Structure formats: C-alpha cells, structure tokens
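Consider the two complexes below, in which chain A is the common component and chain B and chain C are the respective partners.
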Partner chain A sequence: MFSFGDMMAEALGLILAWDRELSAIVVLSLRVTLSAVALACLIGLPLGALIGAFRFPGRGAASVALNALMGLPPVVVGLFVYLMLSASGPLGVLQLLYTPTAMIIAQTILVTPIIAALTKQVVEDLHGEYAEQFASFGVSARARVVALLWDARYSLLTVALAGFGRAVAEVGAVLIVGGNINHVTRVMTTTIALETSKGNLQLALALGVILLGLAVVVNAGVMALRASAVRAAYA
Partner chain B sequence: MRDTVMESAQDCAAPILTARDLGFAASGQVLLQGVDLEIARGRRTLVMGANGAGKSLLLRLLHGLLPPSSGAVLWQGARPGRTAQAMVFQRPVMLRRSVLANLRFALRVQGLGWRARAARAQEALEMAHLTDKARQPARLLSGGEQQRLAVARALVCDPEILFLDEPTSSLDPASTQMIEDLVNAAHVRGVTVVMVTHDRGQARRMGDEVIFLHAGRVAETGPRDQVLDAPRSDAAKAWMAGRLYTRTDF
Partner chain C sequence: MRRRHMLSLSLSLALGTALALGAGTAKAQEFILVQSTTSTQNSGLFDHILPLFQAETGIEVRVVAVGTGQAIKNAENGDGDVLFVHAKAAEEKFVAEGHGVSRADVMYNDFVIVGPANDPAGVAGMNDVTAALAKLAGAEAPFASRGDDSGTHKAELRLWKAAGIDVQAASGGWYRETGSGMGATLNTGTGMGAYILTDRATWIAFGNKGDYQIAVEGDERLFNQYGIILVNPERHPHVKAEAGQAFIDWVLSGDGQAAIAGYLVDGQQLFFPNAEG
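What follows is the complex of A and B.
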C-alpha cells in the first residue's frame, strides 16, 4: 500500500519527466477547451449583450432559459451530441463521433449558456448606467452592443474564465462523444477517470496536479489584468 | 448657415422648438402638465424652479429621451435628428475609456471619418483645457474635469441645440467659470442653449430668457431681468424672495 506522500512524489516525477504521451493529453485538453470557450464567446457574448441591452417580447423567457441551461449536466449534453453525431443520427454523415471536433461541439453547447447568461448580467448593469447617454448620442443598436461589450471587457474576461473553468474540468460530455481513445480523444479529465479506475493513481494524480496548476495560472493572469483595469477605472 | 442663425438671434428670435400642452405622468402621478413654451433659436434659455419642480423631466422631454404622455414637442421645420441636439446630464456619464476615446466615441456615432475625428477631438480637448489628460481614464477625472469633458463631448458634434442640466451645481467658481466659457463660446457660434440652474448669479451671467417651473407647471416665462427682478407669479416671487431672505441673514 502506497502512502500519499510516495504517490505524490511519483506523480511529480512523471510531471518532471514530461513524456510525449503526457504532453499530447495536456495539449489536446487545452485545444478542445480553448476552442470551445472561443466558440462559446463568439456566440454567447453578442447573445448575452442583446438580451441585456434590449427590451423585446420573450426577453424574460430567454433569460430564464439561459439561466436554466447554465446548469446543464455534462452527461446530458454528451448524450445529446452523441445522438446527433452517431451513425444513425441526423449529422451522422459528418462522421464526427469520437473526434476532438465532437468534443469541441459538446463543450461549446455546455459553455455557451454560461457565457451568455453572465454576459447578460454584466451588460444589463452597464446599460443601466449608459442607456440615457447612448439615447442622447443617438447610438445605433449595433454600435450599442459593440460599445457595451467593449466597455465591459474586463468583467467579461471573468465571464470567459468561468466558461474555461467549467469546460476544462468537465468529464462526462467529452467521455461520451470522444470515447477516450488513446492518442486521439484522450484528455486530462477522461484520463484521470480511466487511470484511477485502473489503479494507476500516479498518472491520475499527476494530471490532477497539472489541471489544478493550469486553473491557478489562468485565474491569476485574469485577476492581474482585472486589477490593473480597476486601478484605471475601466472595470 | 451659422451666420443666418446668428442674424435671426439678433432679431426677435424665431423658436427652434415649441412645446404644446406638454405633459408627463408616471405610475399614476402627474409630474408635468400643460407646459406651453418656445425655445428661441440662438438664445440661452434658463430653466429654474425648486427641487422636484420637473426641470430635469422637461429637459428629457424636449431632448426626446422620454415620450410625453400628452402634448408634443415641435421642431421648427423637420424634426432634427440626434446630430442636431446634445445633452449634458445632471450626473455626467463617462464611458470606461480614456478622455480622448470619450470624445471620439461621440464623433464616431455621427459617422465621422478617422481623420476628422482626430482633428475635432483635439480641438475639443484644447477648448476644455484637458489636453494633458487626454490619455487618462475619464472616470478618474475630478468632478469638475468630468463635467468639462461632458460639455466638450456634447459640443464636439456641433449641435444646433445644447441641453444642460445643472452643469455647475457641484463645482467651485473656477470650474464653473470654465463651463460657462465653454457654453458661451458655443452660444457665440450660434448654438441654442437650454440650461437648468439654481444659481441666481449664473442666471444673471448666462440667461437671456428664463422659464420658471413650479410643481410640474410653467409658473412664468420671460426675459431674464423681468423674471428675476419683477416676477409676476406667486411661485417665482416666493422663490426669489426665499433667496433674498437667506441673504439678509448674513
């Protein structure tokens, strides 16, 4: 029976040795998650800004829906994307199941409501402050959305960060649509799950440490950016 | 075009806008009613009255930010688009950008090209004595500097009419002077000025016409000296007397 200390030492040894397999897993994780977050921002930022800045019929329902979708269980998203992409599904011809693209699609669906809902809140607050001035300037609807997103940029960094955190830590959706295939769709979280069940705790622990480290580094970076923005009264 | 505006300002000025039986109600309360008035083109009209009389509300209605519950605001000829008017709010709204970017934003909304924007923004900075603060975040400026920027930003697009809601109410004399200079320079260029003020001294310095509001109605309108020195309405009399009374306390 290993002690936790011994296991930790072995895990750190694995990290320091940094072989190609480990690096492939980490790189794929980042590729999938960053792509998904980027896509989710592309959809969620303007969507959230529209709902936050304009009154229209169905606005209340839209924000309730977004808030509900924030809590989507990853396995349900995984199942849904699986059904869409499986050979007999409507998008089966694309043959995307068990590819990184399928994982990106699943995580995008998972993260977009989070980005959109949080963006809506941020933009709504800022719009409360700006609305009369914008009306006085005669700012067009389109320019209004762009200006609100730009002026909220530092708060929205935190929003993107929340999306990143959700995606990078998620295991259910990528496992179902990616299949955890070695060298193809194996990412940090699915590897941790697999290796733990196989009893290969050192590798699982090593990946866990890397995952935590990544989260700390990304959060610290965003917080430093925000701090400088607060000093400049831009946040 | 500005020349003809100035000429007509020297004659008995034609109104640039007219309010007809203007009223505004919110949540069952009548806040403004039966307002009939004319804003003379090229002149400086002051809106005075006690706190809560409806001065800010009137400005919002005239500027088109609120739809009136009754009556209408009529512009001479076609209703000018937003380019034709600008407003400085009681509390200035600064975008989360630099001083220069605040000015450029207003210009970009008007569809000006990059080169024209840079030139006009530079001019406005100099007029507002903010050239050395151009790159600073606007929200870190002092209250007086923010108010100066707000006036400069409203004027940078060269509006026909400028609304100002108590632009100097929390400023010291030097800052007040700078704001008044900015507004007067615009007036000389032919801009019609509509300004809310509580300050009798400012009314003497800046007013051509005075509109006195009381409890959501126009109590009195007329040339500045008449309204300030020989008010006819009870409301204006009481207000002016109240001011004089506090002075005799010194």
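What follows is the complex of A and C.
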C-alpha cells in the first residue's frame, strides 16, 4: 500500500536529483513538440485564415472537416504515420520511422487541424469588422490574409498554445512512430508510460510534475511576451 | 489562384523544415534496430548487455520494445534488422514464410503465477500449473490476462487449453484481458486483486508489488524460451545484415551468453543462457 503524500514527496526528491539523462529527454520533448507546433502554425494559420476570410463552394464542409479533425485520436495518427513511413509503406525509402522526424510529422498532423480550426474562428470574427474596408480599398486576397493574421496575432498566440498543450501531452502517436528508443526517441510522455509499466510510480509521477512545469514555463513565457508587446504597441 | 499558391508554398516549406529539424539527430555512428519484447526491456536486461556489445563492436543497438505479436508484425514490414522475442511457434512461422533468415535459441526464463498474499483461491505453493489454473477457474478467482497477442499471452492461452478451460466464456467475468504490456497488466491486476501469469524477470524487477507474492512456480511447462532472428535482407534490402548478424553472433557467443547470465536483480539471475555452443 502507498500513501499519496509519501509518493509525492519521493517524486519531488527525484526531481531534485535531476541528471543529464533527464535533461536529454526534456530537451527532445521540447524540440519535437515546438517543431511540430511551428510547422502546424505554418500550415494551419494561412489555411484557417483562408477558410475564415473567404467564401467559396465547399467552405462549410471544410469547416466541419477541420473541426472534426480536432478530435483525431493520437494513436490513429501514429498508426497512419507508421503505415506511411514503414519500410513496406509508400514513404519507406525515406527511412524516417523511429526517428524524431517521424515524431514531428505525427504531431504536426495532430496539431494542424486545431490551429487551423481555431484560426478560422478568430479570423472569421475579425473579418466581419474589416470586410467593408477591404472591399472599399480593393485589398488583394494575399494582403487581406496577412492583415487579418497580423491584427489577430495576440489571439493566435493562444491558438498556438492550445496546439502546444495537445502535442506536449500526447503519448499515443510518438510511441508508435518513435518506438520509445532509449537516447534516440524517448520523450517525457513515453518515459512516463514506460516507468508506469515498470511499476516505478514515483519516477513516473516526478516526470509528470516536470512536464506540467514545462507547460507552465512555456505558457508564462508566451503570456509575458504578449503583455510586453501589447504595452509596446500602446505606449 | 494566389491563395492556392500561398497554401502550397507554406506546405512545402513545412515539409522541408520537418526534414531539416529531424536531420540534426542522424548520428554518424552505425546502429541497428532490434524489435523486441517488453519483458527484456522492462527487466533491465538490455541496459546491462547492450553497452557491453557496443563497447566491443562500436555498433549502437536501438531497441523497440513492444509485445511479441507487434514486434513480429513490425519485423515483417521490414521495420527492424533483428527480431528478439519469445514465442517459438510464431518465430518459426516467421522464418518459414521467408521474413527471417534463421532462428536460434538464446536464453530462457520462466513464468510464474503471482497472487495476493491472502490467496483467496488457495493455490499458493502448487507446482502443477494446469491443476492450479483449474482451481483458479473453479473458484472463479479474478485473473488478469495480457490479452495482447504477446509471447506471454500465447503461453498463458496454451496453459489454459492444457488445463481444459475455456477462458473466452469467462471473459469480462473473472477472466479479465487488459490488452496491454506486462507491467501495465501487473499494475492493473494487483489493483483488482487478480492472479496474474508473468515472466519471472519482469516480476522481480517490478516496482509496485504491493502485498503480492509468487503463488505457482517450478512447472517445466512454465519454461519461456527466447529466440533471435535476422530479418531477411533479400526481402528487405535496407536491412543491415552485417551489423545485425554481428549482434546475433555476439549474443550467441561465450561473451554474450556470460553477459546474460551475469545480469542480476536483487542478487537473482533473471535469464538463463542456453544457446547451442
């Protein structure tokens, strides 16, 4: 039998005994997730803005599809990417399976619909206010997208954070395409799953606390950035 | 048209960046990929023997540890250079179908049945495994099965069959299939007071035993043989046949076998090498 208090205390002790191996896992987690979120923004922001700002046939269907894809189960994404990148799959020649690149691809697929769907909503609302001005000045399509994305940038930071939260916490996709290989593709969440299955619950809990701390640091950093940018803008 | 252009631009930019971001990890060092099981990984055996092999040959071994069923499936797809698992019949089928070159015995450990200290079914101390299983079924004592087509799961199903018990009829009742790895099944099973068939290695190394003890052990039908196979390079040309074979040769050599025998947890030997010298 265990007491939750004792276990938490042991977990904190383990966090204090931080070693280089743990640093490498944390760094890889951040590298994979931040890369995936950056890529997802690169695809999702313009995609969401296009759907949010323009009327075209099939727009409703595209919105529904994006919203539905927000609920993609990570395991399914992992399986899909595995089948693509497997040596027997269509992209097998690239030899990307069981590498961090494969994990970045899987998380990008997971996060892009979230970024795109939320961007679409933000841009659509903003476009309602700007539409007449755009029309009267005859602003080009590209300039419209750029202007809308720029003026919505603070809201879009929160959109990116939502994507980060999803990616940093998921285990299903990276476990399948990364393989949880020690020193190569082992990240925070796959380590937590592994240590739990080994019955090392204190260590798993400690890693969970670190993961949470990481999310707090990233969120606080972005919020601070946003606050100082807003101050500068209105100074 | 401009919109489409912009989208394709950002898509290709994204793909390029993904490749660039991942490329930083490619090490110059030679490595092979081994598809193996959770029991070898979770028990810590690989952490003990792989550094010895790498020190000797300079070849890094990357291990993907999944259930035997999934490991074999992955290897069939060519996603690995070496297969190191424990389900002899499935391994021989793998070789017979041309996915692997040949199979060799490496080592064995044994299965045990663990249960709560108060032993509600009264099987503690038995060493006839089928009689013990029959008694568990008769008492309808909760039993946690892997249920994941792993080597351990296959061994368990063989034993139930030998005991003449149809566990599918009790599925969801006293017979509970967790559909997950050995460690996860131990966590779940100990949580619900169930008996569990586990390999001894994972059990000894397991950190969340609670009041559980070994109830049944010592029957030779609980013997658990591990085999090693090189994935067929004729079928999958990218297989690193030379480095993979070097690993197999080392595991089967005197050095490798001694390294396996030398792995102790709490002073107990977990795996017993039995390669044909």
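Observations
Please note the rule applied: the second predicted complex is superposed on the first by the 217 of 235 C-alpha atoms of A that agree within 3 Å, B and C clash if a C-alpha of one lies under 4 Å from a C-alpha of the other, contacts with A are read in each partner's own complex, and residues count from 1 in each chain.
Simple rule for what comes next: a contact is a pair of C-beta atoms (placed from the backbone, for glycine too) under 8 Å apart; a residue touches a chain by one contact, two chains touch by 3 or more.
All values reported here derive from a predicted model rather than from experimental measurement.
By the touch criterion defined above, A:T158 lies against neither chain B nor chain C after alignment on the C-alpha atoms of chain A. By the touch criterion stated above, A:L201 is placed in contact with chain C alone, chain B being left untouched.
Between chain B and chain C, it is C that contacts the larger number of residues in chain A.
Of the two partner chains placed by superposition, only chain B is touched by A:Q133; chain C is not.
Once the two complexes are overlaid on the shared chain, A:Y234 sits against chain B while remaining clear of chain C. With both structures placed on the common chain, the touch criterion links A:N182 to chain C but leaves chain B unconnected. Of the two partner chains, chain C is the only one touched by A:Y98; chain B is not.
In the superposed pair of complexes, A:A143 makes contact with chain B only, with no contact to chain C.
Chain A uses residues 140 to touch chain B in one structure and chain C in the other. By the touch rule above, chain A contacts chain C in their complex via residues 1, 31, 35, 38-39, 42-43, 46-47, 50, 54, 86-89, 92, 95-102, 104-105, 108, 140-142, 145, 179-182, 184, 194, 196-201.
Residue ranges of chain A in contact with chain B, taken from their complex: 129-130, 132-133, 135-140, 143, 147, 151-152, 232-235.
Touching chain A in their complex are the following residues of chain B: 60, 63, 65, 81-83, 86-87, 89, 93, 95-97, 105-106, 108-109, 137-140. Interface residues of chain C facing chain A in the complex, by the touch rule stated above, are 2-3, 6-7, 10-11, 13-14, 17-19, 21-23, 25-26, 33, 38, 42, 47, 62-65, 74, 77-79, 180-184, 186-187, 205-211, 236, 238.
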